[in-house]
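As structure tokens, the structure follows; a few thoughts come after it.
First chain written, first letter: the chains are A, B, C and D, and each begins at residue 1.
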Amino acid sequence: MIRIGMLTSGGDCQALNAAMRGVAKTLYNSKEEVEIYGFLNGYQGLIYGKFKLLNYSDFSGILTKGGTFLGSSRTPFKTIQDPDENGLDKVAAMKQNYYKLQLDCLVILGGNGTHKTANLLSQQGLNVVTLPKTIDNDLWGTDMTFGFQSAVDIATTCIDQIHTTAASHGRVFIVEVMGHKVGYLTLNAGMAGGADIILLPEIPYDVDKIVKKIKERHDRGSRFTIIACAEGAISKEDAKLSKKEYEKKRAKSKYPSVSYELAAQIYDAIGLDVRVTVPGHTQRGGDPCPYDRVFASRLGSEAGMLILKREYGFMVGYKNREIVKVPLEDVAGKLKMVDPKSSIIKEAKKLGISFGD
Amino acid sequence: MIRIGMLTSGGDCQALNAAMRGVAKTLYNSKEEVEIYGFLNGYQGLIYGKFKLLNYSDFSGILTKGGTFLGSSRTPFKTIQDPDENGLDKVAAMKQNYYKLQLDCLVILGGNGTHKTANLLSQQGLNVVTLPKTIDNDLWGTDMTFGFQSAVDIATTCIDQIHTTAASHGRVFIVEVMGHKVGYLTLNAGMAGGADIILLPEIPYDVDKIVKKIKERHDRGSRFTIIACAEGAISKEDAKLSKKEYEKKRAKSKYPSVSYELAAQIYDAIGLDVRVTVPGHTQRGGDPCPYDRVFASRLGSEAGMLILKREYGFMVGYKNREIVKVPLEDVAGKLKMVDPKSSIIKEAKKLGISFGD
Amino acid sequence: MIRIGMLTSGGDCQALNAAMRGVAKTLYNSKEEVEIYGFLNGYQGLIYGKFKLLNYSDFSGILTKGGTFLGSSRTPFKTIQDPDENGLDKVAAMKQNYYKLQLDCLVILGGNGTHKTANLLSQQGLNVVTLPKTIDNDLWGTDMTFGFQSAVDIATTCIDQIHTTAASHGRVFIVEVMGHKVGYLTLNAGMAGGADIILLPEIPYDVDKIVKKIKERHDRGSRFTIIACAEGAISKEDAKLSKKEYEKKRAKSKYPSVSYELAAQIYDAIGLDVRVTVPGHTQRGGDPCPYDRVFASRLGSEAGMLILKREYGFMVGYKNREIVKVPLEDVAGKLKMVDPKSSIIKEAKKLGISFGD
Amino acid sequence: MIRIGMLTSGGDCQALNAAMRGVAKTLYNSKEEVEIYGFLNGYQGLIYGKFKLLNYSDFSGILTKGGTFLGSSRTPFKTIQDPDENGLDKVAAMKQNYYKLQLDCLVILGGNGTHKTANLLSQQGLNVVTLPKTIDNDLWGTDMTFGFQSAVDIATTCIDQIHTTAASHGRVFIVEVMGHKVGYLTLNAGMAGGADIILLPEIPYDVDKIVKKIKERHDRGSRFTIIACAEGAISKEDAKLSKKEYEKKRAKSKYPSVSYELAAQIYDAIGLDVRVTVPGHTQRGGDPCPYDRVFASRLGSEAGMLILKREYGFMVGYKNREIVKVPLEDVAGKLKMVDPKSSIIKEAKKLGISFGD
């Protein structure tokens, strides 16, 4: 008999259900007797003992469904060790619920913040196996995360739609793509959508270079320009500020985001009509794309196999086309970022894409 | 020999190319010799004599392509009779270019503003046939406009995507759908996406009723609520203001749109996490849906047949499943709006949808 | 208190769930106490007493889901009055189950065959309200059926996909679209997909005219031709045969369908590489398009309102943009077909589409 | 000055245009003067001197378009060294046209057959750089080919559509996925679509095991079963035959493909209604998915960089997330197949998928 708890934490994304189905089917199809408890709404369910005993049919028909049937919530790591408003010790509560249910292992699906807490629980002696969920693809220790390709598809569709109206009206359009710290999503959606300019957190931009690129395009007869701009894109000047100074500056800004500020700067420099589109939360919604369904199923299945072998303390990741187990302490607290010197950036530049640098 | 000029004016939408192809193929496939001139970027091309002589192959392969290959621009009717910055009389210039090219007819594709100018040109003695293009479906004299169903598809997909993340996180989500004056798009996308609350310009809302509906849902165990809110949704109080007073109030508001204001009001009333998503210009972009391709092709073809019969001064519309010709003076300056007493609103309410009224 | 039974019969299609949800929500949201029984797998469930008592949550989250959660089956009308293999009188059994459950009304969703049986049950004294479900749009008494637009979308996507490969290889492609007796689906998907030739059951074709059209295209430099061919397309010669003779001929044919026969005839006449693609059952599958979701919800809601008013013996249909009730005896046994003289056919011909006639 | 010829050969697929755009933009954006000649319809254009001089604008707007703007054709390698019907030595003709245009290099996009000819031309002294195009992902020397992910998306959508109708009617459905020799496409689409049984050319099946799996599902209450069957799936018995014997057997068979034969066998064994759907050529059609657009652009750009460095005789491939150059002689004549012992097969089995082995 093996007893596991399962939870999804942080911003939801596509293929969470597919991944959980992968774990569950692998366990249920094994020779062992299995009990799976689902904690509701992320770590909240584990802290406050909100869960349900799941069975085979709970995992049926969910491969293709977006969201997470267990619910999710954000439980910031920086507050996880503080008592809650009633004085409850959250970490102790999680441990208590784990032991009360006599769990053999927790399966935790989440992104960066989630992994910090998962690592903490592992250090505290709980058995933990995690799965890399995020549309940002910014988890250390894995080449790919599920949710990413689905989000690329959505953001690209958005750029495709903007393309026709930008071309018809001869406008500059900025599409603000999700990603506060890491630009994989913007980079891939931008390249797939044929963006002329791509702005990433990892490559600070110079407004003058952006304006120059737009002018060049107009001089060559291209009436429109598409800019894919990450939420966390930053100018070269702002990149010199300390994190604190920059946050202060942004908070004071009259623009809701960098995209709007940039739109104003381009308008001021060149007098062109600039529009901003923000697909926002749609990028983490809807049903998973086929790539993510297969990928999340595979990772889930491998997590199930690890559990059956009683190998704990790992994130199941993907490296060089092989599925691998990565020690949690190697994952927690690190960020995988776009390398400005990587071959994909070089190729994009050869294709004529400007990064504003 | 018949010589026509063609132009697309106002905000672009899906199936403009399909409609123009419909006109052109019908003309080219007739027994008459035909010359088609395409004016670039809407009335601007007609005013400033920017055009190109088109041929059969220009209309090939464009049935399925979004945008308009002629380009478009907004040329507000309220300024059309004013001279331009160089003192040019725009109306006179348009007439001059029409006569210089010895045109037999102008084919004009556009929405409400466009039809005002088209009617003016018709009154000035030019032969004009128009086609009803708008994602708002707000043109008088026709049950349907092309672009509408494509925009419904996009806005619905957006609501579908928001649905999964709203459900996973137990959030209230407001999706702001295009439509400043008319709510057909919001109504249809809202119903198709399973929105719980739909807010239209034609049905002023009461925030308390919205809050009550959300509370009811939460009391019955529904952790999330989806609100489809038209750009031009308006509260009962604001609906009492004069247009001028209201515009003043909005200009002063710290919220970029009604959706954001409403989000704040709901949060204040009920303490729930409310998010706003604005698909914006994506709704008029991308390739036309099959419905619009067929519909625009049919209208275009009928416009071609009218021209061959030398019947001018009409918009080609659609009434009771028949294609009809509507005198331009009956179309210009009128708005087709959602009737709050229509059967679709009644049905929506029976389905449990709240309009906040 | 009102007690209703619900069933879906015949080939499934998109938006069956949306329509049932519309009925159920309207009933549950009324002031009356309501009990809804769902019969499983169409008339089979009613005959053999297989059903379940449904509740509000059974209709939650199904608006956007394809198929039918009650299951369906084909129960041919021509055998409905014969006893089953155990000698059971099927009609009597249906009546018995209706009365045993003390039903006030049956809600039946189906197409042509289904309506014959529904009418029979109505004539036998049962209260019946029906909803027009079919991808064929061939039901008498309604301008539109749900499932149709979703199927148009799928068949059009198929033609779009074939377009690129046909163009790249310079091939003639025949896409066989569903529709044995009626051509609305083929006509609309063909027009939306830009087919050069459209073959419908209602307009018998002449192979020579098809070959001539292909030759003309090749002579003008078009390397490829797309033919949208209904399953029930028929040549002028075969159209002269009696139904029996034709069925005999088809049964003997070495070609699995008319499309394959036509492909061979074109190859023989002109030596071009002709390929056939058959999207088949995909056309009735997948989730409903936004149009069908709204349309089916509206019809369902109106059916619910009829039931609350105790108005029975009707199909809820759609005429001239109004939702109407049509007496079942006016619907049963009739087929709505494409009129070869209708304006859409005329427009299609003006666009250059050949119907092979 | 650098002068290159470009051609696309073999069955077309998605992202051919994106790849060519990648090569061209990289060359045009370099400091060298560049001339690009496009040969029409694959090797046919090179043999018979059908080409056009291309320019920058020919590569504009094609990133997102399916098919190949140069056209393609199949020119089987086994006949390439035979004279044509007029006695022309094809290989000599290709060399002659290459030298006549004073080309520095040929860029050839294609799959397995294409690479044999490309390697031959390279051995004959022509400078050649190739790009791996195929929906089968069966090219040796690269982890991935463009077209593959787009085809997975289409085949998965097809299975999704079949899913709803199979579930509604309680049917067994076989979806026949492209792939005569290699099963990557079927494997991935099958896993993404939630197929219960997946049949690949690399893993011969036992009909009894398939029937057993279907029975098990029905015994557990699953009314339907989805089988993803590769075109080249083969039974254990047939796998024992020589290639010649097997081809003879298939040619004699009354079933158009293995899928239909299997359907009959299942029906005979178990009496269930079995349907076959064949998406066919749709799988290589339509516009490329975002993954393929990025991937093909990257490969194209790297091919351009190789050419600028005068490095010839390579296919540009993808290994362990790095873009690599693979000597043509290592690619030609080899097939990359699904390894029945690979981790993905193991994972799929743990998920409960049967391969019939």
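Throughout what follows, contacts are C-beta pairs under 8 Å (C-beta built on N, C-alpha and C of every residue); 3 or more make two chains touch, one makes a residue touch a chain.
Since the structure is predicted, the reported quantities are computational estimates derived from the model, not experimental observations.
Asks: Common contacts of chain C and chain D?
Replies: Where chain C and chain D might share a partner, there is none at all.
Asks: By the touch rule set out at the top, what is the minimum number of steps from chain A to chain C?
Replies: 2
Asks: What whole-Å value do you get for the distance between chain B and chain D if each is reduced to the mean of its CA atoms?
Replies: That pair's centroid distance is 42 Å.
Asks: What whole-Å value do you get for the distance between chain A and chain B if each is reduced to the mean of its CA atoms?
Replies: Chain centroid spacing, chain A to chain B, equals 35 Å.
Asks: Could you tell me the distance, in whole angstrom, between the mean C-alpha positions of chain A and chain D?
Replies: Using C-alpha averages as centres, the distance is 31 Å.
Asks: Mind pulling the chain C residues that touch 2 or more other chains?
Replies: Only 160 qualify.
Asks: So which chains actually touch one another? I want all the pairs, not just one.
Replies: A-B, A-D, B-C, C-D
Asks: Would you mind writing out the residues of chain C in touch with chain D in their complex?
Replies: Per the stated touch rule, the residues are 8, 11-12, 14, 16, 41, 65-68, 71-73, 154, 157-158, 160-165, 167-170, 173, 223, 256, 275, 277-287.
Asks: Which bits of chain D are touching chain A when the two form their complex?
Replies: Touching chain A: residues 21-22, 25-26, 29-30, 63-64, 143, 149, 152-153, 156, 160, 188-189, 191-194, 289-291, 293-294, 297-298, 301-302, 304-305, 320-323, 343-344, 347-348, 350-352 of chain D.
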